[in-house]
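Each structure below appears as structure tokens.
In the two assemblies presented below, subunit A is common to both, partnered first by subunit B and then by subunit C.
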Partner chain A sequence: MKLPRSNPHNNNIEFKAMNKETFLKQFDSIPAHYPIQGEARAAIHNGLDFPTSRDEKWKYTRVNSIVESSIKLNVSTITDVNSFKIDANWCYLVFVNGAFHLGLSDALPNGVEMTSIAQAEGSMKENMLAKLGKLFDHKSQAFPSLNTAYFNDGAFLSVAKNIKIDQPIAILNISEGSAQASNPRNLIHVESGAEVKLIHQFEGVNNSEAFTNSVCEIFVDENAQTEYYLIENEGPETKTISSTNISQKRDSCFTIVTITKSGQLVRNNIHMAITESGCESNMMGIYFTDGTQHVDNQTYADHQDHGCNSNELYKGVLADRSTGVFNGKIMVHQAAQQTNAFQSNQNILLSDKATINTKPELEIYADDVKCSHGCTIGQLDEEAMFYLQSRGLGKEAAHRLLVEAFAQDLIDTIEIDSLKENFSQFIKSKFE
Partner chain B sequence: MSDFLSIKNLRASIEGNQILKGINLEVKPGEIHAIMGPNGSGKSTLSSVLAGRDDYEVEADSVTFLGKDLLELAPEERSREGLFLAFQYPVEIPGVSNINFLKAAINAKRKYQGLDDISAKDFMVMVKEKQAMVELKSKLANRSVNEGFSGGEKKRNEIFQMAMLEPKLGILDETDSGLDIDALKIVSNGVNKLRAADRSFIVITHYQRLLEYIVPDFVHVLFEGRIVKSGGKELAMELEEKGYDWIKDEVTAQQPS
Partner chain C sequence: MAYTEIELAEELKNKKYEFGFVSNFESDKAPKGLNEDIIRLISAKKNEPQWMLDYRLDALKVWLDMKEPEWAHIHYPKIDFQNLHYYSAPKTKKKLNSLDELDPELKSMYEKLGISTEEQKRLTGVAVDVVVDSVSVETSFKEKLGELGVIFCSFSEAVQNHPELIKKYMGSIVPTNDNFYAALNAAVFTDGSFCYIPKGVRCPMELSTYFRINDAQTGQFERTLVVADSGSYVSYLEGCTAPMRDENQLHAAVVELIAMDDAEIKYSTVQNWYPGNEEGKGGIYNFVTKRGLCEGINSKISWTQVETGSAITWKYPSCILKGDNSIGEFYSVAVTNNYQQADTGTKMLHIGKNTKSTIISKGISAGKSNNSYRGLVKILPNAHNSRNFSQCDSLLLGSECGAHTFPYIETQNSSAKVEHEATTSKIGEDQIFYCLQRGIDEEKAVSLIVNGYAKEVLNKLPMEFAIEAQKLLSISLEGSVG
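Let's look at the complex of A and B:
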């Protein structure tokens, strides 16, 4: 029998790791709306454990600080969300601590329907339940399972067939109060031939030590076009796990742009199932970290059918002692002939103490494909720095110009001008 | 009144190798000084050290520019004080627009001088005027800094930037290298138009050819990290005729063996 390890010099200090049950118990007061939630609760309480650094996909991201923390389920007091609005002309759907806030939300444009998942009724409820949880295996992945088990609300958004929506629609998730734990759940269905721009924005109010565990399922039907911008800005002391799974049907086009602005620990999982032929899929991402931030992006482009193009570009700028992780995988199944799949991860380290772990992966079972992947890690070009300084620009200004230049091709993929401007301001703010 | 540019016993080394071994040079307002010399004599090191590149360990009895200790200033401060280096190899900076960068540079200098930002209108008028001066196509001015520019276009862009920043002292580091005769004429023409009673130039070159177009007041020969001979423009002619060997022989003869 093994004896518990003890340290004779420190026996007055007790290391008491919270066990899984104690952590999960904190969510107990949340009612289960749907049977799937009961199944997920059973899975996570029995057998399904949170990942450790022994799990390949979690090698560089430790979640102890999350699953051993005391969390709270705060009551929202927010009465105004205007300060969070990137563009007042967008249609905002506001969720605070996971729950839909009708009073702070805007009316939807024609052709778009939304119901709060918790309050869905009639045919919307039927449609919702037909899709809810279909893109995740809530029995094998701990964080999506935790979300499924304990989400209290979310948006089911549906865009009608053949309709082009010009007004961008923003789902605004606000985390309010210290140690707030939220499990925002969203479900998006873009019907065939529809065209829409969506923004999924995470913000925080007085939410130090907060934990957000978001799950979003996106169904893109035949010939539909969707741009989806994920903007993470919950605050410097927060922890976020965001899981987005997408399923694309024939001839559809889907673009996801992940912009990580803040957060102590951020983990993004994106799984893009390209299930039918003729699809175009774009995954873009940018992270600009400082202090002791940790940002981890995991992506999976799953080419299941022939004649699809996927394009992936992630760029990171890491300062101070911050760390970044990128793990992107392109999977090309045997049926996915004539696939064009490209992936690139580029990083600039602004300090000797910053770290990036990057791993581009390709797995190909078809023999007529064009695929490439690669990553770069570098510093700002010293020659360019000197050139700019010799023209009178200060060090900070020169840094900024070069970082902006580095990010430019990603900024150019943002098709909404106000968001582009917001992002440029964000980079600028990093140098002030 | 303090000197314009006064260099006394300037030494510079890189990784333990001393490149400059005691340069003395006085430049007065409005003068053009040519610095010539064989390859490896330290010409480019001199221009880099004056512009503030930090690859070198630099010592000197004194280097003053407009009354300030030049060596104490950061590269950007030297620029704002009125020093401009036209690079031998201008750097390509993808993604940074030439125009935005120049505007930022002009405003950085204006801020240093306690002035407001230049108005968009004044800036554009200035761009148009200076572009014409160096015959730089406007599409180049709008592109990323030097990206995809030909050798001649890069050098013209250097002179264009110099014209925009209106320095007190322009240092041209082998601006003639890699230029055909037409480009050389355009570049020289641009420099000549910038000549003024209160603006000086240090023209660094390997060949006398450039000095037919930019006529210097003084010619100095740099050899093994020292200025070993100074004279008027006729010295350049002599070098062209006889090459650098006679200088080397002279220097060797003077050195105690």
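Let's look at the complex of A and C:
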């Protein structure tokens, strides 16, 4: 049942949106901090439309339920975020309904600087503005433009040169209150030679019908190493669109792992611009869907220079009437000789009502490359099930074991033990 | 004077399309443009019954409302559809009983192509239905096939003699409103082939049609319909060469195949139309709609294609696997050189239970060409235990060409197994080195390696086609290395 839960602290901005203008109007009370926001507002009000199924990239995902919804901008009441913490030892930066919450956030380790985008000052502000919006064209893509136009806050995180940070840093975005609409905006700059592990975690409280439209820009400088974990757990009745664009410089290494735990409609766009030679890029993702969930992963590995490696592995288990979409693209430009790019998407369908649409694409303009992609769709191996059952495991247990085994190679790519454990628990919980 | 390497390179660069020549026989041509009057003219020229004319006129209406598709990974100047001749036929229209009665000019044209019909008749037992421009001028082995009840004739004849079959099946697989080019074809198609294999008959010979585009600025619009009734088998060959012309020529064919219970259709194509010169000037635009329906249980349709020609290829031979246990296959080699562009692949629609499909696609790009595989595998909710295996490999020769893969996989059944894999690579330097070391020059080495790479598909071709296809691969890639 989709009953909006009442929240006495609602800011009472509620509309029944029927078209784009009505939908956009709901964001009007958000102030524009920077000129780029004004440009994006102009673009989205004039001509830039929300995608329909006629747009090739949105062929399988309808956004009507978002654009025709009424949204609210709630005031946060949250006082404790410990229950959301996967590991209390991580450094948490807490954002509630898009706004930075200093009181709930931890102190940053040495070498890492952070400022709220809305309140940036001095040299941090200059650095931030030099990078803000550089990885997105806020005039041609509807959802990133919507974010640019109406973000009210976010983190600008900068990791200093040659510093190795052991403590994982987590940006925790909480969406609170029914029909809450947030446009979290984050900007991350990992300077040359630095090493950092980042977690970007989305959670929700009483937030049925919420809509989160996140944009994250990540700059990885020469020789830097970054691991980035995107954890989506906003609740079963929420809609999330997350767009992450990364720009990698020479000899850097970047890994992104997307873990979709819940959400009615989840759409992840990842664009990895590999601009200089010697880079390594990894994109991993896992989705376990049930009910009528719809999870759509779009990835783009853009090889612009020679001698880079990219690796991609997405795995999905789809149950009930859920739908999964995977569209991965490897683009190898003519200058990107000696590229090795691999992509794989594997899916298990547990129900005849579940659907998977997958489209692993290659577009290659250089000859000295090794590129491959593969995708499989199937079900749990009957023989393996029989083997386990003949050894006394119940059907459920055998099932769980096989699904865990299916996900294991992805779990193995997670380098933070507590996150690994958290994820194993999540898989187990799916069978309870 | 000694023959230098520079001279050799020059010669290869200027190597002319081997089959590029123009035969000068008079054509019977309709004025340029497309409107109702032209349709009526075509229909009247062909003595068609009213229902056929109505079908064409309906198609024209549908076509006028449609837009040219732009989703394919191909770029070309807009075609002015009103600046084309939609009908041209060789003047000789008299029925021929033997090859001796054939226009000597036509005959020498076939000989240049190396497809002497006589020889083929005698040596391979292939019945050849030759289509020059748009009218079938010669049909062989008709009597022999007639004994078995096999109907193999030109489409126009079928309209006259077997209207009930044409009415029943034409447009049932590729409806008029299917796409822009299918609608265009339905309106203006001038001829083609019709083939009906009765129940339980195994067609004793391979049926073959050679297409030839001859007149400059005539779009050629072929229509092929193959119906295999329960328990029958037929292998159909389609091969094409076209003379050299600077003006781009348009070709928009429609091929429909229907296989009933336990029937099997094997459809093989070698396409070697003029690909344009090394600057990308000229060449054929090839927009083809090919689709097969596995209507009955245990039916099978197999497409094999070797695509070396055409400036632009837009072609997706597809299978609708409706009958339970039906099988669809697609084997393709697509070669592009210079400025050629190919966007080709297949669609496999699994509707029935236990349906199986196999897709093997080998793309080879050289020069400044672009070669794309685009395919759809769709498993519908009732297609229990269906199975698909797809493999799409691309080979790049040279650093200025592109190879792309756009596979769509949509699965709605949990008992289905679908696998897709694709690789892109170039010819290994060690492979070339190995050949050079053994005295095989680079050009030959490349041809050898490419042939090996494509072997999996070439093996699926009937014997005589396989040999021709191997030659074609080598010719198409000449001058692309070094």
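Everything that follows uses one rule, which is that the second predicted complex is superposed on the first by the 415 of 432 C-alpha atoms of A that agree within 3 Å, B and C clash if a C-alpha of one lies under 4 Å from a C-alpha of the other, contacts with A are read in each partner's own complex, and residues count from 1 in each chain.
Operating definition for what follows: a contact is a pair of C-beta atoms (placed from the backbone, for glycine too) under 8 Å apart; a residue touches a chain by one contact, two chains touch by 3 or more.
This one's a predicted model, so the numbers in the text were calculated from it and none came from an experiment.
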(request) Answer with clash or fit: subunit B and subunit C placed together on subunit A by superposition. (result) fit
(message) Contact-wise, after the overlay, does A:405 reach subunit B, subunit C, both or neither (first, second, both, neither)?
(response) first
(request) Look at A:388 in the shared chain and tell me whether it touches subunit B only, subunit C only, both, or neither; answer first, second, both or neither. (result) first
(message) Applying the document's definition of touch, where does A:119 land relative to subunit B and subunit C: first, second, both, or neither?
(response) neither
(message) A:19 in the overlay: touching subunit B, subunit C, both, or neither? Say first, second, both or neither.
(response) neither
(message) According to the stated criteria, A:360 is in contact with first (subunit B), second (subunit C), both, or neither; which is it?
(response) second
(request) Return the chain, subunit B or subunit C, that is in touch with more residues of subunit A. (result) C
(request) Report the closest approach of subunit B and subunit C over their C-alpha atoms in the superposed model, as a whole number of Å. (result) 15
(request) Provide the residue numbers of subunit A that touch subunit C in the complex, in ascending order. (result) 56, 334, 337, 347, 349-379
(message) Can you tell me which positions in subunit A touch subunit B when the two form their complex?
(response) 381, 383-384, 386-395, 397-398, 401-402, 404-406, 408-409
(message) Please output the residues of subunit C touching subunit A within their complex, sorted ascending.
(response) 71, 379, 381, 394, 396-426
(message) Which residues of subunit B touch subunit A once you look at their complex with the stated criterion?
(response) 51-53, 74-76, 78-80, 84-85, 87, 90-91, 93-96, 100-102, 104-106, 108-109, 112, 144-145, 161, 165
